[in-house]
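Before any comments, here is the structure.
Every chain is named by a letter (A, B, C, D, E, F, G, H, I and J) in the order it is written, and numbering of its residues begins at 1.
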């Protein structure tokens, strides 16, 4: 990331809204805090920060389902956060991935300027490639601050899903049921 | 809207129920407030106020589902509000619509004198035309004050649904599940 | 209703349990209150009190579902109340009925000496005739005081359903889902 | 109870509302079922059916609290049931009463024609006499069918309380807290 | 009520928003339905429709609390409904009022053009006069459609309370606790 | 607001994170959308946009409580949103303010770069000045995205309160109870 | 039941655990209370105490479902209670059984030394015989004190089901849905 | 425990209710299972099985509160279980007890034939002695099967409390609050 | 288990993190407590500690379902606990297993160093062998402390399932429904 | 931390329980993963890793309350995790601390071998020193795996609190209320 440009950009925004970037309260805002936050929140655009997906042997070919993964991302149109929960599943072949890696991968992917529809797809196709899995399900439920804190000023939930591979009807049903049970975690 | 007629109408209603339209408390009621409110609440009858439905490229053809959109409308028989929640979904082709536009469209459509059955249909067929979408689902759950605050004086929930296009069974199931999960938002 | 017979009947019951019908506290009980209540609670036996079912044009042939209608009736064996909730649905042809009429019809039908199984059937077949609807669903969940306040002294829920016409599987599913969501209203 | 008078009374009521007391469905209604039910539901008017309050030695002078006792009674004005929950407490001196006796006593007292305000008082003063207790608290929350199934046709909750003796502030607080926790049992 | 003026007023409003008052769908709207509704919803302005408050002897001077009374009223500034729940209590002297009368009184009072703060006060002082009660508590929680369906388009809850007389601290605590328990009924 | 500076600032931020501001997807982001959003979200810094606080006569000096007002603001250190719920109360003297004005005032105040502790204070002292009220309570519960979506990556709730004037203990208790009941709205 | 043997048995158990059967506290335990309880709790082993299953004419062949019947039984291996809830359904032919009889039958059957799997079967086949019903469903959810209060000292739920006859898929679905809705009653 | 007497006792009970103690299903019931269970469930009568209360140094004199301890005991009158939850607290002086010891102590004490009032007292005074604590609070909420599965056949909750020492008002309040929060664990 | 090696290992770990194993507070930690705990928590690796699976005759071939079994295990990669709930089912042939044995078996299996995917499989195939059952379902929902208390520091739920045999669709549906109902026990 | 000692210690533990530390599955367990985890989980013993507590000017001296901070720690007796939630509050003087710092401080303190009673105290006195605050409240609710997954094998909640300074009664009440509202977050 071009840190200096980020500093200049934030400084301009502060001036634009009539704040004094030289004040005690705001000096670190543009010198350090916002640029740092921006760097973190765009990690998903840098391949080098992608988590490695370590796998282990396991005697199972049943769907592994992980629900309730918190997700935070930035809407590329208003640079405001959207956030919610991801539920996902994959069918392991001979190996299973370390469970925390699934969470790390979602976090990494979500840290970029994007749209929810696109991000859901990117997680699903990305995991398929990483895990060499025949089947991947991803469902995301999110609230968008660009809707809630300005504009229509209304809070609703957007649900997107992406499916990779050719899951059986039984697998679809299992994912559906796990997502339903995790409903309260939204 | 014919503002002056609205003023006269409200004034007559106040007189009809024995109130004094010239009193301090009620002067603005007929001069400004009710006519203004009426103008807002009938925006859906004026094509010019229809929100524009800006779209964006996205690599997805999976159903986009939006649940928990608040809806308020006026029953054309008693001019009393009915209100509740709309859940909807559409299948994007090459583009997705800005998410807040779905909420805006529902709000615009609901601002007219109508019946719940008709409004549900109007939102579904309107969205299909706007989005050029092959499939649209709309479900509305509402309480009607014309039932609750007079007449039978009983509160129940009316549920209506409209489907446009030829959704697959899997899409029907996804919409059903999302609506079920959003149940608590009614 | 034969008001005078009702008065004599209540008076006898008071005497039977050792109360003095002439006392200040109980005079109006047999002279006015119980006969009045009885008249109200048997309105469903008098065709003349049936609500008229006014309909309106609407562009919809989707199922209209109404859930959470409160219902109170009298068990014909113990003359004790049973009560709970009715959920119903019908498929309109070219017209929809005023929504409050559905509630009024359920209230009217339930005001007679009957059994839950019979009442559920009567509402379904009655609505079919009134609305000339091809499909009607009625589900009733009720608690019976004849079980709860005496006898087995145990509270459970009895669920009955009646279906008129030949609904599609999709319509059955929609009714099922709406009833499920309304579960908390029992 | 004068069983024969009860039979005649019920028979008159059936005739009053236009039913045939000789029909198969209704014969037992007036011959056996309603008179039996009436006998049960007025047991509280007959001293002979009062439960005996057996006590046991116990090393405790702390308040014993019993929450969530179901209660069903008959309103003396409309002969319709009112029902809900009783919470009570007493301070034992050297002996505690068998716990089920408290429930039995509430049941017995509630089986008469009465008003909620009166019944609450009767239970409190009755228990004080039976248990020779220095302090008794009784709280009743009830719904009245004479309000809900006819008349205003509206369901609300009526709460009454009676206190006998001179409880300490700490005892009041304990009863309050136990009732609050039992709130969900209403 | 001046029925003919009401008809003319509604007719003008329909014309003002561009509707045709002569159409099949709307003819009864201004000829019959809205004037009727208006008459009902302003009953509280007509003394003649005030319910009579019949009382009964009872051995109790403890607070009688009634929670969860539904309330619907019309905001005098926008003629839009506000609605919610009333909880109230009074200390009887030698007599208690029929419980349904409390509900009827709240319903009658709420049927006028008013503000929530004023209505709460009117119910409290009105009940004091009717019941000749030394202490009356009234609490109202309401949602205002003039806020929710237009304007700020935001739903919040407004809570008002009025107290008449000089209640003891114990009585205040009892009312508070009963209102808290009834919280879920809002 | 200096719109052109805002455009330049956003453009720099996009470049800093390696995005192309000239792309189709992002052109409007810096040209229109983010500057517009920024203007809205800093309205609280511009006195001219403060809502007028229209009042009405009312016979009440009891606390008026408003709970469940949604609030969204921007943390001045990371320019990330924090949001949650405001509950507030004031004691009217001879006049009450229009209820929606309270919501509008909270919204206006929250639209600036600030800290939760400061914002809570600003709302309380601002309302006191606007309403000329002797007593104002403000409580805010919020989640901060600068904690949740980066940094400690942990979601907790921060609660702040400000009190202006000398409320009585009874008023404190009423506010406490209303906030408690509104707890589920957090 | 051999009452005297029961007395001797209980006396021996008291002695075995080192209690004095002659003490004031325990005399009635073996002389009267435990033998009485045992007699009640084994009523299901005595055909003579089986409730009669009175039926009535009704125009319905739809499934009648009864959920939330409390059940208490004794595990034949540890003589400790297991308890929970029974849900059941049957398809009436020309007659329906009095609803309280279903509860009575479950109570009678459960009062014996048995296992949950066996008891579920016994209720289903017993009801089929009693009602001459073509289809009977029984589902039981129970907690076993032999697991919870000793041994593994862990509380879990055991679910058993028995189906008699050849129900249609629609009937299976209806029973499933009713049981699901009654889930909270476990 | 006198194992052989226990065997004889159980055998007699089986014979009393008409079962064959020699059958395959029941042989182990009297030979092994019930005597074993009885031994476990009366451990609290044997001092030797009392858990040792190991303590550790800690810099705290604030109340340590433990909520949600499951408790199962046997009613000495019917030999049927009563069970529920214990909440307790103590003020440590220089040392704190291992947390699991509190649970073990409650379990040990509850394993005897007793009454809830007595057991609550025994736990409180026992802990005071064991921990040499100046203040101990114990609250027990329990359901009694002797009420629920026979007799009044009604389920309610009995709450007992015992306090040892002279707690401050602040300590009472803390225990109260912790118990309230643990309410859902009942 | 090699107890002495375990002692040495724990001692080394204490030294590694800079603690003094000779201190009063920690002496028993390595001498007794951790080695004991380790022995318990690896019981599943020792065949000799496997519970015997005693069976009984029963007239049932319907699925027996057991939900809500608590499970605690150790992740073999970080030696940190993962825990949650197991739901399972099996179809008995001529005999049913003692219900507590299912819980014991799950507990035994889970006490080893393993992964959730593997453990789920081991329970399913182990039960099949023990019970000679044609069909076994096992579902496990767990939280992993290696994710929650370090690393991604995020709590989500992992769901795994294993199915042995060829269950019918009806059996799959029954297991699914029972698991769904037990959802709240997670 | 002495990394090499940690490796040797883990290796010994694996050998002690009969595992092969040289196996593919376990090599990294002792070489890297457990030592790393241990280092993280004992950070609280190293002053150098204490977070800096940056403060900001703010016009507030009202209590700042932060609820729902997740906490994970290691019990110094069994080296098993205990975890739950911390709620805390402090009274700022002229400056407020960055909100995320409170969470960071709790996390840092909890990462050591300790007891819940001690940890609660350490957080309170540590924060007082760091913030130079006159008043600090800390409450911790936790579950201990050393109780739940072995030993008594029972899950309960332990609640500890520490107070530093001389808070007013109003401040105590505010903290109590905030903790109560956060109850569901436990």
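Here is the rule we use: a residue touches a chain if its C-beta (ideal position, glycine included) is under 8 Å from a C-beta of that chain, and two chains touch if they have at least 3 such contacts.
Quick caveat: nothing in here was measured; it's all calculated off a predicted structure.
J.: Please identify the chain with the largest separation between its CA centroid and the CA centroid of chain D.
T.: So the chain farthest away from chain D turns out to be A.
J.: Please work out the Cα centroid separation of chain F and chain G, and write it as a whole number of Å.
T.: 58
J.: Using mean CA coordinates as chain centres, what's the gap between chain A and chain G in Å?
T.: 51
J.: Return the distance between the CA-based centres of chain G and chain H, expressed in whole Å.
T.: Each chain's C-alpha centroid was found; their separation is 27 Å.
J.: Using the touch definition from the top, which residues of chain C touch two or more other chains?
T.: In chain C, 25, 56, 70, 77, 146, 154-155, 180 touch at least two other chains.
J.: If I apply the definition of touch given earlier, which pairs of chains qualify?
T.: Final set of chain pairs in contact is A-B, A-E, A-F, A-I, A-J, B-C, B-D, B-E, B-F, C-D, C-E, C-G, C-H, D-E, D-G, D-H, E-F, F-I, F-J, G-H, G-I, G-J, H-I, H-J, I-J.
J.: In their complex, what parts of chain E are in touch with chain F?
T.: Counting only chain E, the residues touching chain F are 77, 115-118, 120-121, 141, 144, 146-147, 151-152, 154-163, 172, 176, 179-180, 183, 186.
J.: Give the list of chain C residues in touch with chain D in this complex.
T.: Touching chain D: residues 1-3, 5-6, 8-19, 25-26, 28-29, 33-35, 37-42, 45, 70, 72, 76-81, 83, 113, 145-146, 148-150, 155 of chain C.
J.: Give the list of chain A residues in touch with chain J in this complex.
T.: Residue positions touching the partner: 24-25, 56-57.
J.: State the interface residues of chain H toward chain C in the complex, per the touch definition above.
T.: Residues 153-154 of chain H touch chain C in their complex.
J.: Please name which positions on chain B make contact with chain A in the complex.
T.: 56, 58-60, 62-70, 92, 96, 98-100, 103-104, 107, 170, 173-174, 177-178, 180-182, 185
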